[in-house]
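Following this line, the structures themselves.
The following pair of complexes shares a single chain, chain A, combined with chain B in the former and chain C in the latter.
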Partner chain A sequence: MAGVAREFPDLTGEAGEVMTDQGKISAVALDRVSKRYGDVEAVCDLTLQAEPGELLVLLGPSGCGKSTVLRLIAGLESPSEGTVRIGTQVVNDVDPKDRDVAMVFQSYALYPHLSVRRNIEFPLRSRHFPSNERGELVLRVAKSLQIEHLLDRKPAQLSGGQRQRVALARAVVRRPAVFLLDEPLSNLDAQLRIEMRAELVEMHARLRTTSIYVTHDQTEAITMGHRIAVMHDGRLQQVGTPRAVYEQPANAFVAGFVGNPPMNILPAHITSGTANSGGAAGVVSANFLGGEIALGAEHSVALRGFSSDEVLAGVRAEHLSPDPEGTIHATVSLVEELGDYQQLACRLGTGQLVTARARSGAGTFATGDAIALAVVGEVHLFDPVTSQRIGS
Partner chain B sequence: MIPDRNRSRKWREALLGYLWVLPALGVFAVFVFYPLGKAVWLGLYRTPPFPNLASKYVGASQYGSVLSSAPFLHSLERTVLFVIFTVPAGIVLGIALAALANQRLAGIRVFRTVFSSTVATSTAVASVIFFTLLDPQVGLFSYWLGKRGGTGILQNPTLALPAVSVVTLWQNIGFTFILMSAALQSIPDELLDAARIDGAASWFRFRSVTLPLLSPTVFFAGVVGIIGSFQAFGQIDLLTQGGPNNHTLVLIYYIYQAAFTNNNYGLAAVLSVALFLILLILTLGQFWFLERRVFYGRES
Partner chain C sequence: MKADPSVTARPRTRRAVSVTFRYVLLGIMAVIIGFPIYITVVNSLLSAPQIAARPPTLFPLHPMWGSFATAFNQAHLGIYLRNSMIVTVLIMVAELLTSILAGYAFACVRFPFRRTIFMLCIATLMVPMEATIVPNRQTIVELGWFNSFPALIVPFLASGVGIFLFRQAFLGVPRDLHDAARLDGYGHFRFLTRIAVPLNRPLIGAFALYAFLSAWNQYLWPLIVTETNGVRTVQIGLRQLQALNVDQTNVIFAGTLLAALPIFVLLLIFQRQLVRGLTAGALKG
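This part shows the complex of A and B:
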């Protein structure tokens, strides 16, 4: 924090806050937080914590309440129930300006009448930093984001990517304890988005500021987040590392939402291997996608407590491949050439569409080909009533 | 052959264009350009002091003598004072009320309706209401101010112009309020949210974000307000008729008196041309000077 006139009590080691050479890094904790607008419940009983220095991604489709969560943390909304804590302090009744957070908005929210310099300077000005210190800080942050040549322009004279950088500069210039980013890349074109993604991750690694990043783009979530919190209809569905969320989705929604392409989830009928269906214990087989497949032994234990034979089975595209001996018959309706593999959209006899992958060497396929598919990896089972995962 | 055909088509298109403009041009010609030309022309003739005598051509000298005369300068001073009393205060009040009514409070719509209600009041109605309130015998204001039975406010040379200004302010406030409310609501919430998070206290937020983004509307309200105040006639006629002792004799009322009380069309014409030129210069000046200080959000 050289050059910045901020004084903190020494909180090193105190729960929820860590002092670094960059300043204070705070944890953010929501405890049983709900937010209602009249009859609409935007956020429902949410308990979630971002550890100090973590980059936590809130992922979900639009309208799932993720932006509301960010606004609750920022103090732009107050919770109907529950507590919001930043560091060691409950901030439910603390004004946004006193929460020591900075936010980057989807629209960037740059002040259109101010130059880039004045935009970046705004948080310092409103906190009465002396002018020589302001100039120094603005220049330093502008250099680190490579926008020092734009300082005298107005936002309208900048490209989308440049505006994005100015918004980031405005957020980081004061070194807040927490960064809140509300879909900051969604207005950029695809190429720039990938570049900015890398830059954001690098910036986070450098500053180590606790960051909460809201997005509806699961690729962004998987590539950037230390952990991902998946939300749907105002409720937290699952929180975990990108790998855990991808490999062990907690329910059918998460399975369908995380991963590109989405997991193939279709009804299956357990034909043997459980108490209900008879057959040899330990070998579970199911009728899935019109063919008979064998499930792993781990499902035998999981299904033991499950009363019905009807389940939802999910298979990722990379675990469904063309195989002449496969039991699932389909017609190729679309082929995507993706470098070392082909991604096939296949129409089943029942009319449903599934996505499969053919590795190079497995032959090449064309639209209209009749093929047989085999499950070559893990099958995830979900309760068709609750959509929850069956088993671990 | 082809260039000729092109040229004739261009001609036909141009002709058709002028044909479409013709009706509007006709209306403007009859009601604006002809009266303007006629006024300039009338200003060249001195109206005789007695009726039934022919007007005398005096050329531009009448313009010189009238525009340097004491009555004209007095009336110009009254007009400028009236504009100063009504326009800036009207804009400040309009912004203040709009900012208040922009709060998210239960029942705020009632206030919005009340604040904008004067827009539905005619000058005549506003004048009659205030005439009654300010009446020295039965007026509520005179009673409150302990001036019952004495000289009325409208009869007081010092207070008459401020009183007429207050009536004008009251009547215009609804329009200014609506303008400012619309402008306030067009400011994106995200900008104000960003300012809140950036640490701006409410006054700093208002001064550095809201006000600059309101500037095009403030500019518009300023131009319209100044023109409106220069042309304010109804309230003067109904409340003071230019009195007491010419203290509310603004330019437009001076013109009215010259033309329709004293039948001095020459004088009235000179004054009218002067008013036209003053407004023209003021408006052009405002556009020239203020436009470079106003933010329109499209400076690319």
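This part shows the complex of A and C:
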């Protein structure tokens, strides 16, 4: 797993708002929120809460409704149903400027005709901050983001990373109660993205402002978020810490979307250990990927109420390894050298492709090699009809 | 390894030939466009017999500036120029205002029948002026505006071309900019004046010039809705100058130059804006 769950400061106040030395920090809560555009339902019955001071990541593929959620919170869209609450206040009918939120856009949305200084002080000017205070705040935030030498330039004269910093500075400068970040790193190159990711996490740790961060990049979500909310087709699939989402995906979609490489999810047939299949209770075995595998005893309980023997079984790449004794036979299609392990894309006899990992020392593999694979870790079971996880 | 000099020399020569050819072509075109203007200037500084003489005089050795004074005073060009300036400036400002406001509304404000109303605006571009000139004149007469400045100005306060151009320009302003401004409390009017208009300054310059030229060069409409010198515009004045001074062609040439002078000045001032406005779409990164 690429990242671990981090603790966020426990700032939960009874009223959903906390005053810190940095200003007011508010919780954000969506209660049964839906958003429809004609016949299209962009967000469907979403209930989600970001605690004060939390960095909550909304993760999902393009078009899943995550940016719409952000726009609903910002007030740029009104919900068709449900309530949006910031702090103690229901904000459904509150003007965007009065919600005390700041947003960083994917395109940065810097005003091209204004200098960096004027861009950063824009939210202050529109709120009639006195001139001397404006100058001081702009300088302070510019220094903290190391852009003080760029203040007199126009956005067109800046690199992508510098524009990103200016956009952040503009959001930070007036200390809003909530930050909304809409894929802010997606226009940066890979190296810069990693650097900015770290800077964003540092900035959040410093400011402790409740932040909702939208991304389709699961690595970004796992490495940055205190919690991740995975969305698909306008619906919330799962919300939890990165570790929980990774280790116990709620359904096949989450299992396939979170994690790199995606989990191998293929049909399996329960051969023994359940009421339907017979065999000794407590020992569940399944025919998976052409071989017979033993499943953990916990599956016996989970499968007890399950009517069919046909399931979807998911195995992470790190839990599928080459093993001469293995029962799953495959041919190596691609070998990726990734430092202390090799990642193998293997073609099964049935034509399906699975990803496995071989630790260094487990041998050297080359494209075209015939190998045997064994499941060396947890197997996740999903209902083939509903895609929901079977068991805990 | 040394580069073969002939390999690098060949493209360089080809480029030089291509550049030379382009400049020669541009030079010829400049002469074709500039020659009538030059001849007008020369003829305005000659006497009428000198203009009629053959071969024509191309360099006035003894320029006679009196023709300008004659045109200005005798043919009332001064009054006509003043009238034209009033009418043109008012039309230009009004067209800019209405085009910007309507263009923004069609691009960024949601209201019922927005598309239909916009199509109606565009449809006005399809109707030639000749088709509407008689009913429009009738309306002006019925309103009691015949032979007055409102008759010259009011029918041109809005422009279909302008509305279309500004709508397209405002559609090009990214939605994120609008959203960012909304979060900072900017409504439509403040967004328009502080963000959308400054972003489209080249277009505004180009359209202002276009509106000025169109209004300044109007001839037919002012001719049919005015009848006294007090409200007539310079293009009609020029025509009268021609009729009154058939034997003094130098005065006609001088009058033509005087009538064109404001346009030259404006072109010189807004040259950069105009070029930028015309090429904005092509060059936007």
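Just so it is clear, the second predicted complex is superposed on the first by the 378 of 392 C-alpha atoms of A that agree within 3 Å, B and C clash if a C-alpha of one lies under 4 Å from a C-alpha of the other, contacts with A are read in each partner's own complex, and residues count from 1 in each chain.
As a convention for this text, a contact is a pair of C-beta atoms (placed from the backbone, for glycine too) under 8 Å apart; a residue touches a chain by one contact, two chains touch by 3 or more.
This one's a predicted model, so the numbers in the text were calculated from it and none came from an experiment.
With chain A as the common reference for superposition, the partners chain B and chain C occupy clashing space. Put chain B and chain C next to each other and count what each touches on chain A; the higher total goes to B.
When both complexes are overlaid on chain A, the residue A:T331 reaches neither chain B nor chain C.
In the superposed model, A:P123 lies in contact with both chain B and chain C.
When both complexes are overlaid on chain A, the residue A:T241 reaches neither chain B nor chain C.
In the superposition on chain A, A:S78 makes contact with neither chain B nor chain C. Touch criterion met: A:Q157 reaches chain B, while chain C stays clear of it. Residues 71, 74-76, 95-97, 101-103, 105, 107, 109, 111-113, 122-123, 126-127 of chain A lie in contact with chain B in one complex and with chain C in the other. Chain B makes touch with chain A in their complex at residues 188, 190-191, 193-201, 204, 208-209, 212-213, 215, 295, 297-300. Of all residues in chain A, those touching chain C in their complex are 71, 74-76, 95-97, 101-103, 105-109, 111-113, 122-123, 126-127. Across the interface of their complex, chain B is touched by residues 71, 74-76, 95-97, 99, 101-103, 105, 107, 109, 111-114, 122-123, 125-127, 154, 156-157, 170, 174 of chain A. Residues of chain C touching chain A in their complex: 174, 176-177, 179-180, 182-186, 195, 198-199, 201.
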